[in-house]
Amino acid sequence: MKRAVLWAGATLVALVVLACLVSVAWLPTDPNTVGTPTLAPPSADHPLGTDNLGRDLAARLLVGARSCLLVGVVAVSIGAVIGVPLGIIAGGSRGVAATVLMRGADIVYAFPALLLAILLAAARGHASTFTAMAAIGLSTIPAFMRVTRSAAVDVLAQDYVMAARGAGFGLGHIALRHVLPNVAPVVLVQSSSAFGVAILAEASLSYLGLGTPPTTPSWGRMIYEAQSFVYSDIQLAALPGICIAAAVLGFNLLGDGLRDLLDPTLREITR
Amino acid sequence: MRTLKLLGNFLICLAVASVVVFAVVNLLPGDIAGVILGPNASPESVAALRERMGLDEPLVMRYVTWMGTLLSGHVPRSALSGAPVGADIAGRFAVTGWLVFFGMGVAICLALPMGAWAALNRHRPSGWLVSGFAQFGMAIPAFMVGICLTIIFGVKLRWFPANGYVEASTSVTGWLSHLVLPSITLGAVQGAILVRYVRSAFVDVLRTDWFRTARSVGWRRWAAVWRHGLRNTALQLVTVVGLQVGSLFAGAIVVESVFAIRGIGTYLLQNVSNRDLPVVSTIVLMLVALVLVVNLLVDLSYGFIDPRLRNRRRLGR
Amino acid sequence: MLCLHSSTGALVDRALDSGATYNPYGRIMRTTAARVVAATISAVLTVVLTACGGTSAPADRQLVVGVSTSPSSLDPTTADGAAISQALLYNVYETLVKINDTGDIVPLLAKEWSVSPDGTSYTFELQPRATFASGAPVDSHAVIASLQRIIDDPAVLPILKKKMEPVSSMTAVDADTVQVQLNQPSNSWLFDIAERAGIIMDPNSHANAASQPQGSGPFRLDNWTQGDEIKLVRNSSYWGTGTKLAGITFRKYADPNAMNAAMLSGELDIISNVAAPEALSQFSDKRFTVLEGTSTGEIILAYNHASPALSNLQVRQAINYAIDRKALRDSVWAGKGELIGSMVAPTDPWYQDLSGEYPYDPAKARELLAASGITDLNLRLRIPTLPYAPGAASYITSQLAEVGITATVDQLEFPATWVQTVMVERNYDMTIISHTESRDIANFANPGYYWNYNNTAVQESIAAANVAPTTAERDQLMAQAAKLISDDAAADFLWLLPNLVVTTSDVTGVGANAVSLSFDMTAAAAPPK
Amino acid sequence: MTLLEARGLDKTYRRSGNPVRAIRCIDLSVASGDRLGIVGESGSGKSTLVRMLAGLLEPSFGQVLYRGNPINGANREQLRELRRGVQMVFQDPRSSLNPRMRIGDIIAEPLFSPVQPRSIRAHAVERVAELMDLVELDDVAPNVYPHELSGGQRQRVAIARALAPAPEVLIADEAVSALDVSVRAHVLNLITDLVATQNLTLVFVSHDLTVVRHLCDRMVVMRDGVIVEQGRTEAIHANPTDDYTARLLASVPRLPGH
Amino acid sequence: MMLKVDQLTVRFGRRTTPAISGIGFHIDQGERLGLIGESGSGKSVTSLAVMGLLGDTARISGSIRWKGEELVGRSDAHYSRLRGAAMGMVFQEPMTALDPTMRCGRQVAEVVRLHAGADRGQARAKVLEILATVGLADPERIADSYPDELSGGQRQRVLIAMAMVNSPQLLIADEPTTALDVTVQAKVLEELDRMLANTGAGLLFISHDLAVVARMCERIAVMYRGSIVETGRLDQVLGNPQHPYTAGLIATADITSAEPGSRLPVIQDFWRQS
């Protein structure tokens, strides 16, 4: 069963990445060209039909994958690059340093990601993908810090760390050689679920009109614009919705699959 | 002693949060003068209005005045209409509060049984089905769920009003019926996330030695979960629920805009677009404070649930 | 909703013990769980049943009107924003004269008025029995006090002060007659005081007009939750023929689709203006009536004449030719709303159809562009976050790209950032905005306006029109100004925002056109339910 | 010559709020060539004592001396000496090796420590092969990961890592307690050989008196942070002076007929 | 015959190699059988199989007869009636075997009320009585304390009390004293011996320590890699072990016989792993 989850997640993610790569290399037509026929049913040159401005739906979905991955990658890397080292430091230090770091994390955690994104998006005066990414990235830092800190605390309690100290190594070497490699699986799992969260957050932001700018296609934006056609042309909202769900589901399943794969304690015989 | 330390932490966090909130909010470009004078504003009239409203004072001064009003117990006036907004904010917090309360209720009533079932049957297909369903629930954005529910139940079947909000004081049934769809939307999404935590909390308990002892003295599986599993998972669940309050309020912002509920979320969005900075920073600080209070309550409740901490205090050790 | 109390240890103990009848093999589990499940089901059932029922004795209707923007203050003279006048003008605040549904000026508080031959002196005969909601009489002193406030009070909006500039003196001839002396004839003054500039406020309510408006209209303010709802109720002591409604509630829906959904599920009685016209098909069944009228909101592609490229006529004309305005309106606004050629609405007396001036001709556009000698033109199209803007922007960018003009689009949050960036700082090349003010062609004569447009010919003909002795001469001069604006491609006039009102089929007396800023409900009626 | 010495050592832990005094004013000295056993039940403080001797734990009071000069955090040079001369082996084979490092790198790691002279890094590979041979791991490739080895093999890797910097003193903290009986004999034999061939001074900590009796010539019995008895192993086994030691010896289960 | 196990084989999940295969032994009323084997030999799986506590992924075949009645394949409801009443079990790690959020007295009382259906008053008396018989000095204080306030030895005694309070006919002890200090182990084994004698209960004692098993049981079975290599009376097996692995085990068990510092006998001297 564990393998099935991993494979399901991996295939969905691969699909999204493939869509992203394909969109860079080839597109049925330019996603932004308007024209007639509008709201056309699927046809030869418009495999999935067109939206209310006559723009090709398939092209927009492919390009939408690009912004979705972009937001995910940038947001998760912000979260990981800042969150993990801070987590390790918090895990390793006692007393004031640890509490200050963790209190900081609590405060950022108290800012719901969406609230942060709204303020930042408004702060930059106009909806831009960068603000969405920065806001979502900032909000994933506490989660990374918490996860890394608890893993680091476990690792630092192991005897091989004591042995390394006994051999004369300083905290720097121990953090790099012993803590980081053993914390990596936990971080990997956290990254994949954070990816899912980032995609959802970006979709919600564009839905509120704060995410990616209108001219660059984004799935959340497409749903917002297609909302008033829900009675006549349901596919305009349904297709991007399915894409978002597939991408998020993919990353979550990948996260679960990785956790089972990398978590040795799962072999149990009783109960 | 432990409570004092927790309280201290809480206050420090709040103070730092207030500075952060004020700084971020004041980053907002464009200002209230432009909003008041509207499309026919001319540079001179905007400058004059800014000067009259004291918007040109240094940031620190404005922070001090803002905190001053807050600490002295009343809510700063809206810069736009000058009217006191204390009642408005309180009213809207109540609306969103009820939405979050019912949302969390739906989430817990969904997640607890599903999570426990998924944990107990994790090696059987029925267990995979439940966790698969939860995975799928997590993947759907809240506004999609909202739109679908509005169309199906609000517009087509007309079982419940599609959106809007009625005060409990005017009609309780109206109030409840307006909250059904939004709280299910909020609850479904948060519930799906909660299922994973409940499942892993129960799986942890199922793997403990004391659960095995309970089984070895004759308790059936579900009885052992009920007798010994529940309280021990409560600890983890209270933490998760506490952490989720923050994301619930964020979710509420989206649900409120889909269901046109005049909660704190839409009010905040509206004030941000009006650049009514004192009101925005007050609301944001309140939201942050609320999350910190919930975290404090969660920490305090540990002592309540887990006698290990409780008795330590009793024996004074 | 009974939820599991998992947070307090003691409570859990008691719950477990009380349910524990200790018969072996976990039967206690079943009795407690059964009780929990039963409680939950009964709770859900009560909610579902009550939602559908609920009938009460037939009473006068409190009609609920869906609007898309909400006012930040209730004083139309000190805060701009169409939402204030939409709710209060004519419903709560009345003026001496009023603009009716077809755009003509009709008597209201002034039962009749006369103008001196040289057009500089106006004498108004007031309605004798007219009183404010507070009971105070609407006499000449009250009228003069309100009009004088517009001139004297520094807080009043500059645009309204400009409309009252022609006034040199106002005298109360007697309790029911007011004589106003202008320093020069003005054909637009009477039209101006029929709107915000001419509202007659209860004299002792000037101080807190921002939150408690006191007028003489058929309705008075009952309750205002800022940013959400304005609830008006019948003014029982109204001097004229009062309304048959119990009151009107203007409820704001930020999201147009939420407003449509509310209408469909019976939450709303009237939608003031459908912001998502493509969804009109939802209201095709017999429960609803759709009123398609015109408004005075001209949606324009505004040019910043200070930016180098756009100061060149050929470039502006090239852009006008490059955009297929009919196809743009059809796809962005579902074909609703009239095509226009200048800053004039059909309800304006000097209207001429100029929509054919710049037919869609990309070849000519490329030709003009080449002639202008400007190559690889890159313009910033900075649009507000309003329903029509993103769709139009995407359409226009794509069509401009066809003729070799690249337009980069970014969205400025309306109103705060858009007003600051475009209106005040003039930091833009093009923007898309609808000007809802009626008869706002005069802005093209004001070089200080955000377009930085300075055409002496236009300025002269509009000034002349204003002082023209007969309306016929005025109309001819105004039409000439409109033609000049169109020839000079001062802006690209995309289409006229339609006024799409949806009401439930049993509501009558709601005007189709939006000629003034007011959503006039004075004549609205609906059978008690 | 006394290599390691504890003078008036005292250690108090703060375990969640309330202080616990693990070591109460202990004096102990370990001479070169000694095979000293430290015996005591759980909570007697034996592990805390040896961690302080190895310079891994700061004492609350008192001093640890290595080759006569006191060790404290500030004195960097002294600490480097101790780190070169004294190495430790731990109890649980599952947690004493970094699961994400190959055993070759694990054994070689101490050679790259800042306290070691740079010159020994050059021929680290040969040193690892030599050490693996020494601990009878020659049938195992250096690029395998710890989870591919048995408990006994993992403990031998830990011993090889301890011997890599050629220490004078080897401290073994319950080194065989987590191993199966059959594997324990192999490791004990290995330790006996290594002490002889590498002329190591051994400090062996255990709760199992029979193992200490086999390996160590001198022995110390600890209870609640205090040394209740110390002396030659045979003498203590013959007639214990302290009644706690007597009860300890009596409680060891014996096979019938042996 | 009280307990008869025949050809018992258990596989987990999709793994083909069984954890235990072809296990057979019997325990009569009041009889004590020791199960000796190293880690990974499958002795714990055997004990859990007898108690029916193997997880869902376990696939069990063969037969376990309790007083002539077959248990393999029976419903959990049926099995639950036996556990804590007919059969009791004690595990290795006392520190984590008690519910940390419930007082010890209450956990023992539950077992009494679950099976005997006694009301609160009677249960309390029975609890204090059993806590005294397992050798706890102050039963009142122990009953009112939470597990984390007690030492390892005291907790193990509470667990023994839970297993024995309904006087089961068979007690299964899986390494009950391995985690205890040697002085505490001696006392606990002695008290356990006395209680079993008084109630006349049978014992299945599992350990890796031959000396401990020898002290408690009259018959022993030696397990290696999931199967029983030798069974017999204690003195017979210790006197002349038939299977080389048993001989190796006995030799390496007692290191006191070898000269201190000399080379210890290793299991490979007797038994070459196939």
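A, B, C, D and E are the chain letters, set down in written order, and residue numbers restart from 1 in every chain.
Assume a contact is a pair of C-beta atoms (placed from the backbone, for glycine too) under 8 Å apart; a residue touches a chain by one contact, two chains touch by 3 or more.
Just so it is clear, the structure is predicted and the values come from calculations on it, not from any experiment.
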| item | value |
| --- | --- |
| Steps needed, at fewest, to go from subunit B to subunit C via touching chains | 1 |
| Most widely separated chain from subunit B, with each centre as the mean of CA atoms | D |
| Chain pair that, of all pairs, has the most C-beta pairs in contact | B-C |
| Geometric centre distance via CA averages, subunit D-subunit C, whole Å | 85 |
| Whole-Å gap separating subunit B and subunit E, where each centre is the average of the chain's CA atoms | 50 |
| Interchain centroid distance [CA atoms averaged], subunit A/subunit B, Å | 21 |
| Rounded Å distance between subunit A and subunit C, as computed from the means of their C-alpha atoms | 41 |
| Multi-partner residues of subunit C (at least 2 other chains) | 9, 24-26, 255, 413, 417, 421 |
| Per-residue overlap in subunit D, given as positions that touch at least 2 other chains | none |
| Sequence positions of subunit B contacting 2 or more other chains | 28-30, 123, 151, 212, 215, 218-220, 227, 231, 257, 269, 273, 305-307 |
| Parts of subunit C lying in touch with subunit A, wherever the complex brings them together | 255-257, 260, 276, 278-279, 281-282, 327, 330-332, 334, 385, 390-391, 393-395, 397-399, 409-413, 417, 421 |
| Complex contacts: residues of subunit D adjacent to subunit A | 51, 54-56, 80, 83-84, 86-88, 90-92, 95-101, 106, 109-110, 113-116, 147, 158, 161-162, 165 |
| Contact footprint of subunit A on subunit B as seen in their complex | 9, 12-13, 16-17, 20, 24-25, 27-30, 123, 128, 135-136, 138-144, 147, 151, 206-207, 211-212, 215, 243, 246-247, 249-251, 253-254, 257, 268-269, 272-273, 284, 287-288, 291-292, 295 |
| Complex contacts: residues of subunit E adjacent to subunit D | 38-39, 152, 181-183, 185-186, 189, 208-212, 214-215, 234-235, 238-239, 248-250, 252-258, 260-261, 263-267 |
| Residues of subunit E that touch subunit B when the two form their complex | 51, 53, 55-57, 76-77, 80-85, 88-89, 91, 93, 96-103, 110-111, 114-115, 146, 148-149, 159, 162-163 |
